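Several structures are given next for inspection.
You will see two complexes here that share subunit A, one where it goes with subunit B and one where it goes with subunit C.
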Partner chain A sequence: MTAAGPSLGARASSGLLWLFTGLVYVFMLAPVFVIVLLAFNPPEFGSFPITGMTLKWFWALADNRPIIEAIKTSLLLGLASSTISTVIGTAAAYALARFRFVGRDIVQLLLTLPILVPHIILGVGLLLAFRLIGMSKSFTLLVIGHVAITLPFVVLTTQHRLQAIPSSLEEAARTLGANRFETFREITLPLTLPAIFAGFLFAFMMSFDELTATLFWRPANVETVPTHVLGMLQYSVNQEINALATALIVVSVALPLGGMLIARRVALGGRAKQPAAVEKPA
Partner chain B sequence: MSTVAIDLRRVEKWFGTVGAVVELDLQVRDGEFVALLGSSGCGKTTTLRMIAGLEQPTSGDIFLKDRRINDVPVHKRNVGMVFQNHALFPHKTAFDNIAFGLKYRKVPKPEIQRRVRAALELVRLPHVEERLPSQLSGGQQQRIAVARAIVIEPDILLFDEPLSSLDAGLREEMRIELKRIQRTLGITTVFVTHDQAEALSMSDRVVVMHDGRKEQEGTPEDVFRRPTSEFVTRFFGFVNELTGTVVGDDGGCQVMRIADGVTVRVAGKHEAGRPIKLLLRAERARVGRGFAPVADVSIIPATVRRSDYLGMLVRYFVDAAGQQLQVIQPLEGSAFRDGERVELRVRAEDWIVL
Partner chain C sequence: MIGARAIPLPWVLVAPGLWCVAAFIVLPIVSVGAYSFWTRLPSGEVQTVFTLGNWREFFTDPFYVAVLWSTLKLSTATTIICALVGYPPAYALSLIGPRWKGLLVVMLFLPSWISYVVRTMSWLHVLGKNGLVNSLLLGAGVVGEPLPLLYNDMSVVMGLVHYLLPLMILNVYIGLQSVDRNVVDAARTLGATDWQAFLAVTFPWSLPGLSAGCLLCFILSAGTYVTPLVLGGPGTSYYAALIYESVIPQADWPLGAALALVFIFVLAMILVAYGRLVGMGHMFQGIK
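Moving on to the complex of A and B:
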C-alpha cells in the first residue's frame, strides 16, 4: 500500500523536531526575556509578579558613576584592542593566505591557539610572562591581552575570505599595470572588506564580553563592565543590573544588525558609481 | 619580413626537484599566433606565466623585443593576459574592468572613455559598460576579459586556456572571434591550450610540449601530418599500431608485410630486414567496399566487429591483418553491420613511420 502523504512516523519525527527546536529557543531566550521584563519592574528587588512599568532603573543606571566609568573603560578597551587586532590580523591573514614562508604553519597555529586555550590559562600565563620581564598590571597589559584573545577571530574570518578570492584576480591586476600595493588597495581590500569588518565587530564583542582573563590583567582601580557586574552580583541582584543587561542586549542585537547593513553597503559600494554614459561612442 | 617579439633562451623552471619547464628555446615572431599545446602538467602554463612575469625562471633568459625582461616586474612588462576563468574584478563594472589598466598608464579620462568604447566595439559587446561581471553571460565575460587585455595596447597577448570554461558551442564561436580580434590587431600572441582542435584551428605555429620539454614545433599541418614522435602522434586522436617488414620496392613506395599474406605500400625509404613500427590514425583509413585499386593505395580485407554511432561520424572496430583496428569516418548512408566483410583502404603517405 502506498500512502499519499508523509507516513505517520515521518510526521511524528517532524513534529518532534519542531518541538525540540522550540524548546531550545525557549531555554535560551526565556532568561533574557525575564531580565528585560524585570528591568521595567518598580520594586527594589527583581521578583515576580510584575507590579508596573517604570524607567527609573535606567535613570538610576545613567547616574551610577562607577557603571558609567566601567562602560567607558570597556568601550575604550574594546575599540583599542579590536582596532589593533584588525590591523595586525588582516596583515597576518594576507601573509598566511598569499605567501609560502618558513614557519608559516607555526604562525597559523599561534594565531589560532587563543581560541582553544581556556581564558584562565591565558590570563595567568600572560601575567606571569609580564612579571618575568618586570612589567606590572596596567591598561596596556589589558589591551595587549585582549588583542591576543581577539586576534584569532579577525585572522580566521579574513583569511577565509582571502582564500576564496582567486589569486588570478590579483595577477590580472598586476599584468594590467598595478603594483603589489595598488593591487591590494584596488582589488584585494575591497573584496575582503566585509570580512575584515565582520572580524572587527567580532573582536569588539569578544573584548567587551571578556571576564576571566580580564580579572587577572586589570590594575586595581580599573573595572570593565563584566568585572563591575561581577562585583555588584557579589552583594545582590540589583535592579540596575537588570537595566544594564537590557541595555547591553539591545546594543548586542543592534550592533551586528547595523554591522551587517554597513557591510552590505560597503560590498555594494563598488557598483554604486554610475558614470553618466550619455555621449555617443566614437 | 618579421622580427622576433618573444625570445626564450634555455629557460628552465624547477619547483624543488621537479622540472616544470626544461631547456626551453622558443621564438615568437612579431604578429605571430603561437599555441603551446600539451596535457596538464606539461609546462605550457608555467611557460606562459614566466613570459608574463608571474613566475621567475630558475635559469635562462627571456627577451621581449630584444630587451631582457627577467628582472622586469609584472606590472611594467606591458603584456595583456586573458586568464582561464576570465578573472574579471567582481566588484567593478565592465567599464571599470576594461579601464583598469589605462588608469595606471596615465591616460586622460576622455581618452579612457574613447578607448574602452573602442575595445568594446572590437569585441562586439557595446552597451554593457555598467554591468557587473555577475550580470554577464560566460561568453560576454570572456569578451570583457579580452577587451581588458587589449585596451592597454600590450606588446604581446597571452591566453591561458581562455576557452576551457565555456561550453562547446560557445567555445567554437569564441575561437573564431579571438582569431578575428588577433588578426585585426596583428598582435603577437601566445595561446596555451590542451585542446588540439583549438591549437590547430587558431595558430600559425603549434608548439607541442611534454614533460616540461618542447616535443615538436611547426605549422598546424606539419605537426598534425608529420609528427616526429609517438607522443605527438598519439596526442591528436586515436592511433593504430602495427608492425611491418620491408619486403620490396614499388616505385616511390616500399612494400611492407604487416601480416601473413597482407602487404601494404608505405611512402618513404625504410630499413629492410627488421620489424618497423607503423602508426595509422583512426581517421586516415577508410572502411568500404569496391575501392578502385589505384597506385599508392593499399586495400586490406577486413571484418567489422563493432561500430559506434557518433552522429556525423562513425567509429568502426575492424579485424584486419590479424589484429583489431579503429577507423573513424563520415557516415554516408547507413553503417556497415557487425560481422560484415569489408575492405580497409590506406594511402601510402598516411602510414606514420617514426
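Moving on to the complex of A and C:
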C-alpha cells in the first residue's frame, strides 16, 4: 500500500468506529425518548402501541397531591443540603486550591474518598449512628446525609474551577494593599462565582436524584420525588409515572443547560467590568 | 482567644469539611462495626451485649456468600461491557474537531443528568412485554410472541450499563486528552499503520482513564440497590437488597450491620488489589 491517502482498511475501520459510536448514542438516548413519547399517549396503561396524542396526563400531575408534596420535599431538601455543602465545600476548595500546607494531600484524600463509598453503606451507617445517639429518622437526618453525599463533589468541582483562575490577580490586589479577606471579597469571589454556582447546581441535582441512601433515612410519611416514583413503580407503570418522568427529564436537561448559560453570562459580565489589560489574549 | 488565632487559615477553611467527613462518614462506618457485634433480642430491641451471632449467621448460611458472589459477578460483567462499549465512542470524540465536539459531548452526557430512577424505569418501556423492542419485533413479524426480555440478569446489566456508560466514556475521554497527537503522528511517519500507532501510543496512554472508569463503574454497580429491584427477576440476587431487607423491613440492625461491614471489607480488598494492579495514582486521576 503506497497510496498517499488513507487506505481502504483505514477508511473501513474509521467507518466502523463512527457506526458503533452512533449506535451508542441510540442506546443512550432511545429509552429517554420512549418515555417522552409514551407520556403523550391517551390510554391509561403506560405502554405501546401509540394510539394518539394528549396532554391530559400532564394536567393530571398538577392535581396529584402526593406528587406535589414529594416535589416540595425534594426541593426543600435539595436547597437546604446543597446550600450547606456549597458553603463548607467552597471554603475547603479555596484552601486546597490556593494554599500549600502540611497535610494538604491527606486533607484532599479525606475530602475526596467518600465518593467511593456506596450509598447503601452511607445509608446504613448514618442511620445506625443516629440510632446510637438516640435520634430517630427525620428531615434533619436527610439534610445531613445529603450534605455528606454532595460535599466531595462540591469540593472537586469548585477546586477544579478555582485552579483555572490565575492567582496573579489576587497577588496584584494584595500588593496594592488589600488584606486577604478584601482580596477574597473583591477579586476571588466575583471571579469564582461561576465555580461556586456550578458546585451548588451539581450538589442540588445530586440531592434531588439521590434514592438509595434516602430510602434508609426518610421518616415513614416523607416521600422525595425518586422514592415516590419507585413506590409507584411497585404497583404498575401507568401514565402518571410517564408524565412525571417526562417533566423530570425536561427539567433535568433544562436546568444544567440554563446553568451553563447563566454561568457564562456571569463570567462574561465579570470580565467586561475588568480593565482590558487583564484580558487574556485569545 | 490566643489559641483560635494560632490556627493557620487553610486549616480553618478545611475544618468544617473534615468535620463533616469524620462525623457523617467515618463515625457511621465505625458504628456499623459496633452494631455488628451487638445482640438483637427476640422483641426486636438491640442490646449492647457482645455477640458473634450475627457473624456466625453470615458465615454458616451459604446463602449470603452466594448472593455476594453473584453481585460481584454481575458488577464485573457490567464493568467489562462498559469498558468495551465505552472506549470506541470516547476515542471517536477525542478525534473530532472542535466544531461538533461540544454538541456531541453534551448529547452523550444528557442522559446522565436525568434522574436515575427515571432512566432505570425507561428500560421497562424498552424491554417489557409491550415494550419498544417487542412491538418492533412483533410488528415486523420476526416473532409471534413477545420475548421475555425483562426481569432477568440481562435486563439488570442493561440498566446498569445505561446508567454507568457516560461515566466510563468521560473517564476514557479525559485519559485520551493526555495523548500527545505529535507522538501518534511521529509513529505514523516512521511507518506504523493506524492500528500499530493506536496500540503502541494511544492505547497505553489512555489506560489511566480506562482504569479509573472501570473502578468507578465496578463500585457503583456493586452497591446498586434500585436497578435490580426494578429490572431484576425472581432469580436475581443482589447484595444491597439483603442489607436493605435486614435493616428496614426486618429492623434487624445487627445483622444488617454485619452484612454492610462484610461489603465494605470486600470492596476495600478489591480496591487495594486493583490499586496494586494499576497503580494508585491512576485510579484517582479520573476522579480529579
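Here, the second predicted complex is superposed on the first by the 256 of 282 C-alpha atoms of A that agree within 3 Å, B and C clash if a C-alpha of one lies under 4 Å from a C-alpha of the other, contacts with A are read in each partner's own complex, and residues count from 1 in each chain.
Everything that follows uses one rule, which is that contacts are C-beta pairs under 8 Å (C-beta built on N, C-alpha and C of every residue); 3 or more make two chains touch, one makes a residue touch a chain.
Computed from a prediction, not measured in an experiment: that's the story for all the values here.
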| item | value |
| --- | --- |
| First, second, both or neither for A:28, with subunit B first and subunit C second | second |
| Partner chain in contact with A:79 - subunit B first, subunit C second, else both or neither | neither |
| First (subunit B), second (subunit C), both or neither touched by A:131 | second |
| Touching partner for A:60 - first (subunit B), second (subunit C), both, neither | neither |
| Winner by number of subunit A residues touched, once subunit B and subunit C are compared | C |
| Touching partner for A:169 - first (subunit B), second (subunit C), both, neither | first |
| Touching partner for A:256 - first (subunit B), second (subunit C), both, neither | second |
| Touching partner for A:190 - first (subunit B), second (subunit C), both, neither | first |
| Subunit C-touching residues of subunit A, taken from the complex the two chains share | 10, 13, 17-18, 20-21, 24-25, 27-32, 34-35, 38, 45-49, 88-89, 91-92, 94-96, 99, 101, 104, 107, 110-112, 114-122, 124-129, 131-132, 144-145, 147-148, 151, 155-156, 160, 180, 205, 208-209, 211-212, 215-216, 225-226, 229-230, 233, 237, 241, 245, 248-249, 252-253, 255-256 |
| Footprint of subunit A on subunit C - complex, ascending | 8-11, 13-14, 16-18, 20-21, 24-25, 27-29, 31-32, 34-35, 85-86, 88-89, 91-93, 107-108, 110-111, 113-119, 121-126, 128, 130-132, 135, 162, 165-166, 193-195, 215, 219-220, 222-226, 229-230, 240, 243-244, 247-248, 253, 256-257, 260, 263-264, 267, 271, 284, 287-288 |
| Touch list for subunit A against partner subunit B, complex | 166, 168-169, 171-179, 182, 186-187, 190-191, 267, 270-271, 273-275, 277, 279, 281-282 |
| Touching residues on subunit B, where the partner in the complex is subunit A | 52-54, 73-81, 83-85, 87-93, 95-96, 100-101, 103-105, 113-114, 117-118, 120-121, 126, 129-130, 132, 148-149, 152 |
